[in-house]
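Below, chain A partners chain B and then partners chain C, in two separate complexes.
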Partner chain A sequence: MTVRAILGLAALNGAYAVLGSSLLWAIRGLPRWSDALRLAGLGYLMGVAAFGVVWTQLLVVGVPFGGWGVVLSLAGGTALAIVTGVLLGRRRPHGFGDPDRHASSGAVLVTAVGVALTGLLLEAMFRAARLQGLQAYDAWAFWVPKGKAIFYFGGLDQQVFTTFPGPTYPPLVPILDATAFHAMGSADVITFHLQYWFLAVGAVAAIAGILYRHVPAWLLWPPLLLVLTVPRVASGLRVPQADVLVDVLFVVGALLLALWLHDGRGWRLAAAAVLFAGAGLTKREGLLFAAAALVVALAASFGRRRAAWPRLLAVGGLVAVAALPWRLWYRSHGLGGEAPTDAGAGGSVDRMLDALRLSADVLFDTTLWSVVPVVALIAVGAALVWGDRRLAGFLAALLGLVFVGGAWVTYSYRDIPITANESVNPIVRYTVAIVLLGAVSMPLLLASVWRSVAGERP
Partner chain B sequence: MTRSTARLAAAAIIAVPLLGYPAVVLADGARFPSADDCVHVAEPGATGDLDLVFGRRDTVAEAEQLLEQVKNVGYVDAQVQGDGCLRWKVVYTGIESYEQGASSAAEARRAGLDPRIEIAPGG
Partner chain C sequence: MAFCLAVTLVALAVQYTDAFRDANDTARANAALDLIDRKVGAGNSVFPDQQLLVEALGLIPSDESFAVSVGPPQPGWTELTADSAEPFLRSFLLPRRIDPNAPWIVCLACDRAAYPGADPVWEGEDGLSILRREL
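Coming up: the complex of A and B.
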C-alpha cells in the first residue's frame, strides 16, 4: 500500500516488457523505435508468457524461487534474446515515423481520441485497483494462497499445491503473483491488484498495436472501448484470477494467426507460439483454446499446406512440450487428470442440447456483454459476404469452435449443473474469451468489408 | 487542417485529459493506507467485540517470541494472528467488556508488557 510497492510493480512490469520486446526484436526485428513502441504491448505479453512458462518448468524441476532468481531470469532471458537477435543480424531500431502507413489528419485525431478515452478508463481502473480488497472466491481460496506459497516457501509446496481447490490448475498465475510480491517487498494482497491492471494495460496496448497497421483508426478504437466497458469484462479485469490472462493470451495469439494467414510472416507464428504456451500454463482451457486456434488455422491454410502445416504443427508441438512437465508433476503427486467425466458420447442428448442452449443464452445476455456478440456476428456475416472470406472464415470457425467447446465443458462434466451461476458453472467466465475475440476481430472484419466496398484490395 | 496542426491537436487531445485527470485527483491528495490503519484502539467504555493486543511484529517468529512472554505472564490462551496489514499481532480474545480489558491490561503492564484494548476486526 506504499509508493515503493507501486514503483516495484512498475519496474517488474517494465522488465516483462523489455524481455518480451527483446524476444520480438530477435524473431522479427524492430526497424524503427515507432515499431518498438507500437508493439510494446505485444512484447509485454510475450515477456509475461515466456517468464511464466520458463519458471513453471524451473519450479517443476525444483529450482528455488526468490527475488534474485527473478532478477537473474529476467536479465538472463533479455540477454539471451539480444544475443539471438545479434546472431540473426537484427539491426538496432533507428528513427521514428511509419513509412508503411500515411495516416490522414482525421485518422490522427481519431487515434488521439481513442488513446485519450482508453487511457482515461485505464487511469480510473488504476485508482480502483490500488486499494482493491481480495474478495473474489477463487482468488482468496487458492490462486493467491498458491502465489503466497511460492513466495514464502520458494517453490511448489506439496501441501498447498495438492490439497487446495483446483490442484491441477497450472501455476503460471501463482508464479506471477509471487513475482509481484517480491517486486513489492511483501505479500501485499491489496496493491498487488495493480499487477492485473498492468496486464489489462498490456493487453489493450497489444491489441491496438497489432491492429494499428491493418485497420482504419475509426474501426479500431470503438470496439476496443466497447469491450472494455461492457459490464462483465470491466468487472473482471482487476480480479486476481487466471481468467482474463488466459483469454488475453489466446485472443492475441489468435489475432496473430489470423494475420499470419493473410500475410504469411513467420514471426507472427513464433509470437503466437509463446502466447499459446503461456495460455496452456495459465488455465486448463488455455490448451483447449490453443488447440482450437491451431486446428482452424490448419484447415484455413489447406491450400498451402505443404509450407504452412509443418509450421503450425511446430507451434502445437511447442505448446504441448511446455504444458507437459506441469502435468507430469501433478500426476507424480497422485492427482487425477483434467479429463471430464463424460468426454465421449456417454452423456445424454438432452444434456448436450441444454448445454448448447445455456452457452447461447449466456453469449447473448446483454446484461453481461451489451451488444458486443451481436455486432461481432454481424461483422463476421458482412465479411463473409463482402469482405475477406478467408479471414472471416477463420474467425467464424474459431468463434464457433470455442463456443462449442464451452458447451462441451458443461456437457461433459456431469457434476456441473446447467446454470449460468458462476459459483457452480464456469460458462460465463469461459464466454469472456468468445466475446473478447469477437470484439477484437470486429475491426479486421469490418475493415475488409470497408476496403471491398471502397474498391480497395481486401 | 495541416498535418502539423493535426498532430498538435492530437497531442493536446491525449495529454490534457491524461495529465489533467490525475492532476485533479492528486490535488485532493492521494491517500496511502499504512499498517496503522489496522489498529483500532478502543475508547474508554467502548462496547462490542474487544481484544487485548500485546503488540505487533513484522514476522511470525518475532510474534511467537512475544507470545511466549505473554504466556509466561499467564495469558495462556493468547495467540498470534495476522492483523490484515502484513503484521502479526499477539492477541487475547477473551475480553467481555472494556472494564475487564482495562483491568487485564493494567495487570499485564505491571508484568512489563504493553497491551492495548482494541476493537476486534469484523468477522
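Coming up: the complex of A and C.
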C-alpha cells in the first residue's frame, strides 16, 4: 500500500505499453506521435499479451522467473521489436495532429466530455481498487496463489499448479500477477488490485483508439461509457481474475478483424493474432472465442478467399502453437483435459433447450447489463438493413456463435446445473464477452447506418 | 439509429451515477478497514478470529511447512470454517507449503492426541490453536 508499490506498478504497465507500441510500430509503422498516442491502448494490450505468451512458453520449458528476467524480457522484447521495425524500414514518428481526420468543434467537445466522464469514473475505480482486500473465491483459491507461487518459487510449482483448484487454467494471469508482485517489491495482495485497474484503463484506451478514426465521437463514447458502468461489468473490473482480460483481448481482436474485413490492412491481423494468442492462454474459453472469431472471418471473407484465408489460417496456427505447450505441460503432470463430459450429442434435447434458455435469460437480464444487449441487437439489425451488411453480418454471426458457445458450455458439462448462480455456473461471467462485444460494435454499426443515410460510402 | 443513441444516453444517465456512487462507496468502505482486515480479506468470513492468521504468519517461518487439522465445528465458527479453512490457509500462508507431516499444525478444534509430542505455541478461542512438533 505504499507509494513505491504504486509507482512500481505504474512503471511496469508503462513498460507493457512501450513493448506493445514498439511491436505495433514494427508491424504497422506509426507516422505521427498522435498515432502512437491514439493506439497506445492497443499497444498496451499487445504488450501484456505478448509478455504473457512468451513467459508461458519460458515457464513451461523451465526458465526461472525473477525480477531481472522480467526486466530483461521487457527490454529485450522492445529492442527486438525496434530492430525489426528498423529492418522493415519504419520511420520514426514525427509531428502531431491527424491529417486524415478534421474534427469539428462539436466532435472535440463530445470527445472532451467522453474522456472527462471516463476519467472521472476510472479515478473513482482507482480509489476503490487501491485498498481492496482479496475477497472473490476464485481469486484467493487459485488465481492469486498461482501468481504467488511463480513469484516465490520462480516457476510452475508442481504442488500449487497441480493440486489447487482449476489446475488446467492457463497461466497468463498468474504470470501478470507475479510480475506485478516483483514491480511492487512484495506479494502485496491489496495494492496489486491496481494491476487490474491498469488493464481496464488499457482496454478503454484500446477500444477508443481503434474506433476513433472510424466513427464519429457522438457514436463512440455513449456505448463505451455505458458498458463500463453496467453493474456486472463495473463490479468485475476490480476482481483479480482472468475473466475481464480474456474478454478484452477477444473483443479488441474481434474489432480488429472486423476492420480488417473492411480495409484489408495486414497489421490488423498481426495484432489480432497476438491478442487471440494471449486470450487462449488467459482462460480456456479464450480459445473458443478466438476460434469463433476466425471461423466467422473465414466465412465473411469467402469472396476473396485466395488472399484472405491463408492469412486467417496463419493467425489460427499461431494461436494454436502458442496454446499447445501449456496443454502439454499439464498433460505431462497427469492432469486431465479440458473437454466437457458431453462434448458431442450425448446430452438430452431438454438440457440443450434449457441451456439456450438460460443463456438468453442471462443475456437479457437488465439488472446485469442494463439495455446494452437490446440496443446492440437493434444496432445489428439496423446495420443489416441500412448499413454495412458485411460488417453487420460478421458481428451478428460472431455474437450468435459466442452466444451458442455459452449455451454449449452449460449443455456439455453435465455437472454444471442450469442456473445463473455464478458460484456453480459460469454463464454470467461468460456473457460479459457478448455484452462487451455488442457494446463496442455499436459505434461501428451505427456509424455505417449514419453514413448510408447521409449518402456516404458505408 | 437515433432511437439506439437516445436509449443509450438515458441508460447512461442512470448507470453512470450508480457506478460512480458504487465505486466511491467501495473506496470509502475499504479505507475504513484496518490493515489486517484488508490483508485477511475473505479470511474474515472463513475464520472466527483473524488472530489465528496473524499468528500463523508470524510464527511459521516462510521456508517451513504446515498442516491443517480440522475437528468438529465449534459454536463460534462461521458456516465456511470447516470446509474452507484448509484451502484458505494454503493460499494465504504461501510461500509456506502445506504438508501433512509438517512440524507446524494449524489446529481448528482438532484431536491433539493425533499429534503426539506437539505443543501449543498459540491458543485462541473457539478451538483455534497453532501446534509445533519436533520431527
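The rule we apply is simple: the second predicted complex is superposed on the first by the 458 of 458 C-alpha atoms of A that agree within 3 Å, B and C clash if a C-alpha of one lies under 4 Å from a C-alpha of the other, contacts with A are read in each partner's own complex, and residues count from 1 in each chain.
Keep in mind that, in the parts below, contacts are C-beta pairs under 8 Å (C-beta built on N, C-alpha and C of every residue); 3 or more make two chains touch, one makes a residue touch a chain.
Predicted, not measured: the structure shown is a model, and the values here were computed from it.
Participant: With chain A superposed, do chain B and chain C clash or fit?
Facilitator: Here chain B and chain C cannot both sit on chain A without a clash.
Participant: Just chain B (first), just chain C (second), both, or neither: which does A:349 touch?
Facilitator: Neither: A:349 stays clear of chain B and chain C.
Participant: Mind working out whether A:145 is in touch with chain B, chain C, both or neither, as first, second, both or neither?
Facilitator: Once the two structures are laid over each other on A, A:145 reaches chain C alone.
Participant: Please indicate which partner A:131 is in contact with in the superposed arrangement: first for chain B, second for chain C, both, or neither.
Facilitator: A:131: touches chain B and chain C.
Participant: Using the superposition described at the top, determine whether chain B or chain C touches more residues of chain A.
Facilitator: Counting residues of chain A touched by each partner, the higher count goes to C.
Participant: Which partner does A:120 reach: the first (chain B), the second (chain C), both, or neither?
Facilitator: both
Participant: Figure out whether A:153 sits in contact with chain B (first) or chain C (second), or with both, or with neither.
Facilitator: second
Participant: Please indicate which partner A:2 is in contact with in the superposed arrangement: first for chain B, second for chain C, both, or neither.
Facilitator: first
Participant: In the overlaid three-chain picture, which partner chain does A:109 touch, first (chain B) or second (chain C), both, or neither?
Facilitator: The first partner, chain B, only.
Participant: Which holds for A:370: it touches chain B only (first), chain C only (second), both, or neither?
Facilitator: second
Participant: With both complexes overlaid on chain A, does A:307 touch chain B (first), chain C (second), both or neither?
Facilitator: neither
Participant: Applying the stated clash rule to the superposed structures, which of 6-14, 24-32, 78-86 or 96-104 from chain B runs into chain C?
Facilitator: With chain A aligned, chain B clashes with chain C through residues 78-86.
Participant: Quick check on the output: what are the common chain A residues between the chain B footprint and the chain C footprint?
Facilitator: On chain A, the residues that contact chain B in one structure and chain C in the other are 1, 120, 124, 127, 131, 187, 190.
Participant: What does chain A use to touch chain B in their complex?
Facilitator: Against chain B, the touching part of chain A is residues 1-3, 105-106, 108-109, 111-113, 115-116, 119-120, 123-124, 127, 131, 186-188, 190.
Participant: Taking the complex as given, what residues does chain B use to touch chain A?
Facilitator: 1-3, 5-7, 9-11, 13-14, 16-18, 21-22, 25, 32-34, 85-86
Participant: Inside the complex, what are the residues of chain A that reach chain C?
Facilitator: Touching chain C: residues 1, 117, 120-121, 124-125, 127-128, 130-137, 140-142, 144-145, 148-149, 152-153, 159-160, 164-165, 187, 189-190, 218-219, 222-223, 225-226, 228-231, 234-235, 238, 370-372, 374-375, 378-379, 382, 442, 446, 449-450, 453 of chain A.
Participant: In the complex formed with chain A, which residues of chain C make contact?
Facilitator: 1, 3-5, 7-9, 11-12, 14-16, 18-20, 22-24, 26-27, 30-31, 33, 35, 37-42, 87-88, 90-92, 94-95, 97-98
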